[in-house]
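Next up, some structures in structure tokens.
One chain, chain A, links the two complexes that follow: it is found with chain B in the first and with chain C in the second.
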Partner chain A sequence: MKRSGTEGFELTARPWLRRLLVSRWPQWSLMAVALAFFAYVVLAGFFGTPVGNRNIAITLVWIAWWAALVLVLVPVGGRLWCSICPIPAPGEWLQRGGLMASDGRRTRGLKRRWPRRLRSLWLQNAGFLALALFSAVILTTPRVTAWVLLGLVLLAVAVSLVFERRAFCRYLCPVGGFIGIYALAAPLALRVRDPDVCRTHPTKDCYRGNAQGFGCPWMTYPGTLDRNADCGLCLECLRTCPLDNVTVVLQPLGADLGPRRGRPPLSIDEAYKGFILLAAALVYGAVMMGPWSALKDAAFQVGSGPWFLYAAGLLLLALLLLPGLYLLAAWIGDRLARRPAGGLRRGFLLAATGLIPLGLGGWIAFSLGFLFANGSYVLSTLSDPLGWGWDLLGTAGLAWRPALTGLVPALQGAALVAGLAWATRLTSRAFAETTESRRAALRRAAPVLLLQAALGAALMGVML
Partner chain B sequence: MKWFPRLLLAALLVGVPAAALWSQAARSGADAAQVVTLHARMPEQGGWSLDEIRAEVGQEMRFRLTSDDVVHGFAIARSGMEPISLEPGRWREVRWRPQAPGEYTFYCTRWCGPNHWRMTGTIIVVDPQGIYPTSTAAPPPRFVRYGVDIDSREAIERLTGVRPSAQRGAVPGLAPQGAWLDPKDPDLTTPIEAWNRLRADPALTALDDAALWDLLAYLWTDRLDRDQVRRGLETFQANCAACHGPQGGGDGVMAEAFADPPVASFTDLARMATASTVVLEGKILRGGMGTGMPYWGSILEPAQVDALVQAIWWMALSGEGSQAP
Partner chain C sequence: MSLPRAASLTLLALALAALVAPWPFTSPAVGERVVRLTARQFAFDPPQVEVAQGERVVLELTSADVVHGLYLDGYDIELKVDPGQRARASFIADQVGTFRMRCSVTCGPLHPFMIGELKVRPAGGGARILLGASLATLAGLVGLRDDDEALRD
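Entry: the complex of A and B
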């Protein structure tokens, strides 16, 4: 494959692949299949057995889909899932006035612009935390899972009818926030070949849309797109660009995680997303895999005194303790480096860079344990999706059997070590590229690297 | 082509579930049996999904059973059916053909929670043609016939802590001269009445009170059928130990849920001294009024009740606890 104007290998240089991506059918069909499964899952949650491991609402969503998302889709494809996610589909189809294309006459909704003050991840952070507090119940109770999924679709429809484009995906979806922040580590990316071509192109079809496709649903201008978090890989710009300047590439790992024109790669809301996700990985690991039954009970007994303590602990860890530790490490680093340029805020955000690979490693380790321990439930529930005693595929009677029990801890350990190593490298590079001298950069980074190592050890402690 | 996306979506949303339903229906095939689908849930969550099932005598029934929460069990009382275990989300099937009209109790056979004993339901078996013989009505239990108050909570405080032992009381050559059992029905005898009779026996004046209790324990347990005791201990461990404790000491894992009044301890002589076989039998059959004691009359066979009573006396007086003879 030829190398594109952007950094990486250009996948769309293959004519057959480009045709496949430009055509609406493959992507739309996958989205339709995902929507159908989504509908089955919601129905199963409401009408199937309340026993979580016997209901496809739990096994398909929280074992199969989650494992696919965390282990493959996000680390490799970034926001690839967003490109076929069924949650925004009904709202988007209503908004556009058609399932696949729009003739412009049947569009619905007010199409207001998303408020400027809310153009950040803070709402997504709050949404994720709200779900995280109830996660033990959501992950095990089919009816609750069904309500959550249905609630997300209804919210997406409502937002689509009031605001323009995919405001829900960009600013509200709690899963979208998770995917977006870790998509920064993924190699798959949509970029433009030559930003200058876009700059001088007057009609900006990629943002406004044309007869070939819709304007960017993610409210991103592809001409300046330089990070995966802001692109849902919907490929509309690939269809609309009249100058053939948009391409899909495989970029080097972590290409989005370097300093951007001297600025830290993460904003403060993104850094907080990193803290929240790292805290959630630690707490979920402790609850689901740790030996602490009191903690597990507290997480499940929603509304009880112990649950309030658990919720307070999770919030404290995510919003105060972890950010506080990073701030302290950044402050010590600044002191050691004798107050370098940029100040404490920049040091804090540079330090937060390592949260992405560290947290992703933690989530991969967590998901590996979850998948191999409970994967056999997926096979049995595919044959009996509602837990009604069916046996469509002949696998309903399969007994629960954890797989690769000897190998999983090693895989988990490898994921955590790789995440920590990558975090160390990224953090060191981030400080090196934004600090005057190599010696000062090292001094600045040292406390953060120690903190990262401690957090990596903590992740290992709860997962292994 | 505008219609094609709609068609595809409709096929996915409706066609696939319809195909699954059809496939399952085809697999199930025709079955002449009456299919009964039962979900077991903890009593706090509603218990069995059906409280009452109607059936016809001679008509085979196919029970499709599952648990929606914890491990339960299923059995039909007085049917000879072996209890089956119901694991959460797993489906089990059992067939049963009622042979006589009447009411049959189906119940949970696993301790699923403090209100486990409430998990019962009724199968009403009718005989529309009237060709099957009806079972003769059971006679009223003995506590009714004798007019015994089985709710009396009389206790003899001075006997608190006294633990008779049949082993100690088995002294060769030592035997009462007079009758020590109730002349009307030996099963009406209470240990304290028997002990008083023994105390009045001139042949036993040399024995102190404690030794006399040991002798009574020996005499009492000597009357028990060892095989029945063994069977009764098995029934006790399966159905009673969760509250009454594995040794019958009233300290089972569920006992805390029934603290007022406390669960009966069969090793407390102060209480057991005023009980009789008829009283124990009545308690088992009817249940404890105002206590957590369930009624077992619709579940246990008479022979099982008899075995259970004998096992209780064994635990109370043998000095060997629930160790089978």
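Entry: the complex of A and C
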């Protein structure tokens, strides 16, 4: 395969694949199917049995979809799910004035620009934390799951009518924040072949849109795109580029996690996303896979005294304790390296690089345990989706049985070990590339590596 | 394959082995151990049980509220019990590790998370985790040398 201007193998060099991706039909069809399932799930949540593991709203979303997202789609495809996600679809169709509209010069709604002050992950961080506090209820109560999903669609529609493009996906969607930060580790990427071609191209169709497609819905200028978090893989730029300069590549794992022109790979809001997700992996592991019933009760009894303690603990861990420990490690590293250039802020952000593979390893281990323990509920609810006694596929009576219980701990261990090793390597590399001497880099990184190893051990203790 | 890459992969394999492979530094124990468990929404009491490798374990399950079940990961053992009744199963604890005990009968909203733990590991589990985390960190550091060699090339 042809090697692209960016690092990686160019998938779109294959004409049949390029044609498939440029055509709107395959992507639209997948999105429509996803939307149909979405509507089905919401209806099941409202009208089906309130018993979570007997209702397809819970089993399809929180067992099947979540496992597919964390185990395959994000690690391999990055934001691939975002390209067919049904949540923004109704709003986008209203904004574009049609189900299959393709003329990017015509859009509807107020088309306001998203406020500059809110162009960060902070709202997504707050949204994810808000959902995380109620996760034990959301994951077990079909009606609550339905309300959450419906609420996200309604919010996406409202935002689409007021603001331009996919402001909801880029700045509000709590799941989008999760996907985006871990997409930085994924090999699938959209890039331009030659940035110079874009620089000298006067009309910038990829950003403004033309008769063939819409300007980047993610408000990213593809000509300078160098990280997966900023691209929703909607492929509009592949359709609009008149110079055939946009391509889809398979790049080396974690290519987006190296220092960017000497700057740390993560911004402060992204680092906090990493802290929040690592904290959530630890707490979810303890609540949902651990033997501590008081913790489970506290997480489930929303509004009770123990729940407030649980919520305070989660917030404290995500927003103060983990960032505080990283700040302390970065500060000690700076002292050991005798105050290197860039100061503590840079050291803190470099240290946060390892959060991505470490957290991703934790989420993969968590999802493996959850999928193989509860996967048989998916099969039974496919036959009896509402818990009304149907047997559509003959699998309704399938007894619950966890699968591969002897193998799963080894798979979880592999995910955690690989995540920690990768985090160590990335963090060391990030310090080495931005510190004057190798010796100073090692001193600067050492406290952070110790902290990462301790957090990796904590994940192993909770998950295994 | 370069030497650092091979060393890094070897260390990764050792880290994984330290976490999940049978622990060689223990001598199988013999004897019988009766473990009495009470199931209630949504916990087993006691939540964690530790037995010695090689022991014959007799699980006795009772329920304090509704119908519950117990499925023991790794050993493929299942019990079901009505409130006020008692169910028993016995087995030889020949596999070392931490095995989850899960409720196997839908018993309420948190049923999928009704989990207990059976630990079969005479040697400290902490030692495994410490060794696993250390080896994984070392693997990452050794892997760096592979990057360096690639850069030099």
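To be clear about the criterion, the second predicted complex is superposed on the first by the 457 of 464 C-alpha atoms of A that agree within 3 Å, B and C clash if a C-alpha of one lies under 4 Å from a C-alpha of the other, contacts with A are read in each partner's own complex, and residues count from 1 in each chain.
The rule is short, and it goes like this: a residue touches a chain if its C-beta (ideal position, glycine included) is under 8 Å from a C-beta of that chain, and two chains touch if they have at least 3 such contacts.
Note that this is a predicted model, so its numbers are computed, not measured.
Looking at the shared chain after the overlay, A:L379 reaches neither chain B nor chain C.
Of the two partner chains placed by superposition, only chain B is touched by A:D391; chain C is not. When the shared chain is aligned, chain C comes close enough to touch A:L464, but chain B does not. Legend: residue contacts after superposition of the two complexes on their common chain; A:V302 is shown touching neither chain B nor chain C.
In the superposed pair of complexes, A:Y40 makes contact with chain B only, with no contact to chain C.
Legend: residue contacts after superposition of the two complexes on their common chain; A:W292 is shown touching chain C, with no touch to chain B.
Within the superposed three-chain model, A:N53 lies in touch with chain B and with chain C [touch as defined at top].
With both complexes placed on chain A, chain A has more residues touched by C than by the other of chain B and chain C. Of the two partner chains placed by superposition, only chain B is touched by A:A32; chain C is not.
Put simply, chain A uses residues 50-51, 53-54 to touch chain B in one complex and chain C in the other.
The part of chain B that touches chain A in the complex is made up of residues 5-6, 8-9, 12-13, 16-17, 20, 23-24, 27, 64, 66-69, 88-91.
Across the complex, chain B is touched by residues 28-29, 32-33, 35-36, 39-40, 43, 49-51, 53-55, 99-100, 385, 387, 389-392 of chain A. If you check the complex, the residues on chain C that touch chain A are 8, 11-12, 15-16, 19-20, 42-44, 47-48, 71, 73-74, 76, 95, 97-100, 102, 104, 106, 109-117, 125, 129-130, 132-137, 139-141, 143-144, 147. Residues of chain A that touch chain C in their complex: 50-54, 136, 140-141, 287-293, 296-297, 300, 373-374, 377, 400-402, 405-406, 408-410, 413-414, 416-418, 420-425, 428-429, 432, 449, 452-454, 456-457, 460-461, 464.
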